[in-house]
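Questions regarding the structure given below will be posed in turn.
The first chain written gets the first letter, and so on, giving A, B and C; residue counts start at 1 in each chain.
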Amino acid sequence: MIRTEELLLNVGPQHPSTHGVFRIVVKLDGEVITEATPVMGYLHRGTEKIAESLNFTQIIPYTDRMDYVSAMTNNYVLVHAVETMMGLEVPERAEFLRLIVMELQRVASHLVWWGTYLLDIGAMSPFLYAFRDREIIIDLFNELCGARLTYNYMRVGGVKWDAPPGWMDKVRDFIPYMENKLEEYDKLVSGNEIFLARIKGIGKYDAETAIDYGLSGANLRCTGVDWDLRKAEPYSLYSRFEFDVPLGKNGDCYDRYRIRLEEIRQSLRILKQAVRQFPDGGETMGKVPRVIRPPAGEVYVRIESPRGEIGCHIVSKGKAEPYRLKFRRPSFVNLQILPKLLVGETMTNLITILGGVDIVVGEVDC
Amino acid sequence: MSEEKKEEEKALPDGARGAGEAQTPPVDPEREAKLKAAAEARAARAAAKEKADKEAAEAAPPEPKPPSPKQPELERIVELLKRDVSEEAVEDAYVNELNGDMPTVVVRNAHWRPAAELLKRHEELSFRYLRNVSGVDYETHMEVVYHMVSLGTKREAAIKVKTEREGASVYSATPVWATAGWNEREIFDLLGIDFPGHPDLRRIMMPDDWVGHPLRKDYEPLDSEV
Amino acid sequence: MPPWLNEPITWGSALVLFLWAVVFLFIVLGFVTYAIYFERKVIGWMQLRVGPNRVGPLGLFQTVADIFKLLIKEDTIPRKSDRLLFVLAPALAYIPAFTVLAVLPYSQNLYFADLNVGLLYYVALSGISTLAIVLGGWASNNKYALLGGMRSAAQMISYEVPLVISVVGVILLSGSLNLRDIVAAQDGGWFWNWNFLPQMIGFAVFLIAAVSELNRTPFDLPEAESELVAGYHVEYSGFRFAFFMLSEYVYVYAIAALTTVLFLGGWHAPAPFLEFVPGIVWFLLKFAFIVFFLFWIRATFPRIRVDQLMGLGWKVLLPVSLLNVFLTAVYMELFIK
């Protein structure tokens, strides 16, 4: 008789493929996972608690640090929530700038995902290719607001900085460049047999499960559910632009991969139209009271971040500080399906599936 | 504290609206007026603690306003809840104007589980997508807010469940929407609301041996200067 | 040297042999040092970077500095490890890597042991390194290391078989297990006489299996840094870690030389009019190309999954290599005999 034992393995908190300080306790039978328990909170900074003692402008930098790969969309969801509460008008130029930076951010965020995902799969080179192209976007942001990662760019009622002269031309030049590079990516990676064998049919779930678990973003659309908040519940100026929502049908890692690459293309399409329609002049800040004091009541707004639906629930008592501020973080919600997906998979697929969900731990833990 | 006062005074000329409201009790008068118009009869049964709010609402000048386009949606939800769950299920219902007329229903805790089933499974409502769960500590009571949407009709609703502060407990919605699982764990962790029926209710953000629930308003931080 | 080996050993001949071994060790160490430098440069260029360029001119002393750092590092042995095996494993990995080099011929006259079962000797000894990896993984008392070690064992067993069978065709064609005779059998003046064309299938299987034997991308599962952190050598540091790395690169050397000998005609020139160039130059060129090829693959491919690796080994490579043996035998029967 051979006595076999299950192996209890701590993947993380320090592990190269958990994308930050995130831990999964897995029970292994050989290399097959029989149980997986995610453990988080290592990066919990109590943003929601801190926010209760800050005014709304002071909270904006904290949102940068939640999803630090996509700080612009986080900025937007907060200022959008406050603007909705106060019924503020945002000048068109400012709204255009916001939309352009958000779409650039989506491209940058998906590039980070693409690079790190391939790094997880074991290919090193694409990571550096992706970062080369992301660097251009980061430089654009740097020129716009003086920061490369945590921008603190948007304000209630507008944006902090107008585009410097020539900035919009650089954005315009970036679009065809990135389109070419996407083709290069496809040639380099998307047809690689090993890569396809690694991700096709892995981490599958159907639309019913995805909705039940409240998944959003590419994680939801890979099952064929047509739900992109930019189209379904348009905010900002998205209703003015033409773009498609890429959908999958198998709900596996491959579909998520295809969707994210296609979303870069669609973002570039939006950018192209936005740059063309960008108003020549105008204000970048609307009329905002000196102290921002939303009326008593509550509001829940949601936008489409690169990772899915990011929401902001503000309860106000008419003070300059929020009474309660809750962020609905897509990474946190999307991650919830992980234990279910992992059972019966191998250690290798753990990395494939976790990478495919696209989490940012700063956002999971908030 | 004195600084805050000063700020308020400065702000007065800017936005009389915001400042004026800051002095009234913490409920939007317009919203309250709406509520009265829509659900006067039902609201009459509201708990005694609502009384103060209502007085404030009566003090505010009643503005005649056209009913919200979402009013029928709200009424339909309330009607279905009352018909299929219980006459007692709905504690309060109003349209949240601040939030694009979001239909908001306050459901009694005792009827919350069957109500959740109904909201999700009923063909007409089919709120299959639970987008957010928040917990709020109102100092007088606790509240859990469920924001849901129907992917087909794009209708939204916010369902609130109120509970006492001491021994706070709300029936878990996790068996209905799997996505509530971690959200409720987070609320349990940070606000100390118990969720009977939750399959795996443990702390999620704070360490397991942490004392207290940080997002409660009476929480004493370990180091108050930080 | 060959006559030395056949005579009874004396103090004098033993000393000479020992000195040659030391000289050769330094040649191999020199190769490893600059293979690592070369790898980092090549991959750097492929990845839009410059690679090492700080230590010494063009960064040429980077590896030297790295090795120096490894040597002066604290030698850590986990308290709960199996101390003896933990210490033994790196040496066990390195010794076979170095001993297999003895049978590799470099040119007509430059070779060490002229063993008539040279190929068999190579295959038999290189299998021992697996044992070292499994031991190292087990002795570390670390779960990642254990998984890496087990993967390595499974992988080596699966790939040793097609590797050996894929060269049977070559053995059939040349009628010898002696590596010098195999090279001699490929002499025809032109490059199409080399085994890689008549033994196309065998060559392909051999290359794939060889990369797998080396535990290099896309078959670097035992150390798979994104899954198993570093696999079997996760607990090793300093000197002992250096030994594992060293044996890995010595195997790169061995496999590149073996491929050159078996399939690329060893020291033969690709065309008769190029024969004025010394054979050793041709050997080194082919050798360098294989080494480059291994590095190139590393910069290009993602990692394969463990079950796919097994599937590829048993379901594809093994039948294909058997088919190759069969086809070669049929060809020999019909045309040569």
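Basically, a contact is a pair of C-beta atoms (placed from the backbone, for glycine too) under 8 Å apart; a residue touches a chain by one contact, two chains touch by 3 or more.
Being a predicted model, the structure only gives us computed values, none of them experimental.
The most central chain, judged by C-alpha centres against the centre of all protein C-alpha atoms, is A. In this assembly, B is the chain whose CA centroid lies farthest from the centroid of chain C. Once the centre of each chain is set as its mean CA position, chain B and chain C turn out to be 68 Å apart. Chain centres here are Cα averages; for chain A and chain B they lie 27 Å apart.
Here the spacing of chain A and chain C, counted between their Cα centres, is 44 Å. The set of chain B residues that touch two or more partner chains is empty.
Residue positions of chain C touching 2 or more other chains: there are none.
Under the contact definition stated at the top, not a single residue of chain A touches 2 or more other chains.
Within the complex formed with chain C, the residues of chain A that make contact are 7, 9, 15-17, 28, 31, 118-125, 128-129, 132, 192, 194-195, 197-198, 346-351.
The part of chain B that touches chain A in the complex is made up of residues 4, 7-8, 10-11, 14-15, 17-19, 21-22, 24, 26-28, 31, 96, 98-100, 102, 128-132, 134-137, 145, 147, 151, 154, 158, 177-179, 181-183, 186, 190, 203-207, 214-215. Taken together, the chain A residues at the contact with chain B in this complex read 40-41, 44, 46, 48-49, 84-86, 211-216, 225, 227, 232-233, 289-291, 293-302, 309, 311, 313, 315, 317-320, 323-324, 326, 328, 332-333, 335-337, 365-366. Here chain C touches chain A in the complex through residues 43, 46-49, 143-144, 146-147, 151, 217-218, 220, 224-229, 298-308, going by the rule given at the top.
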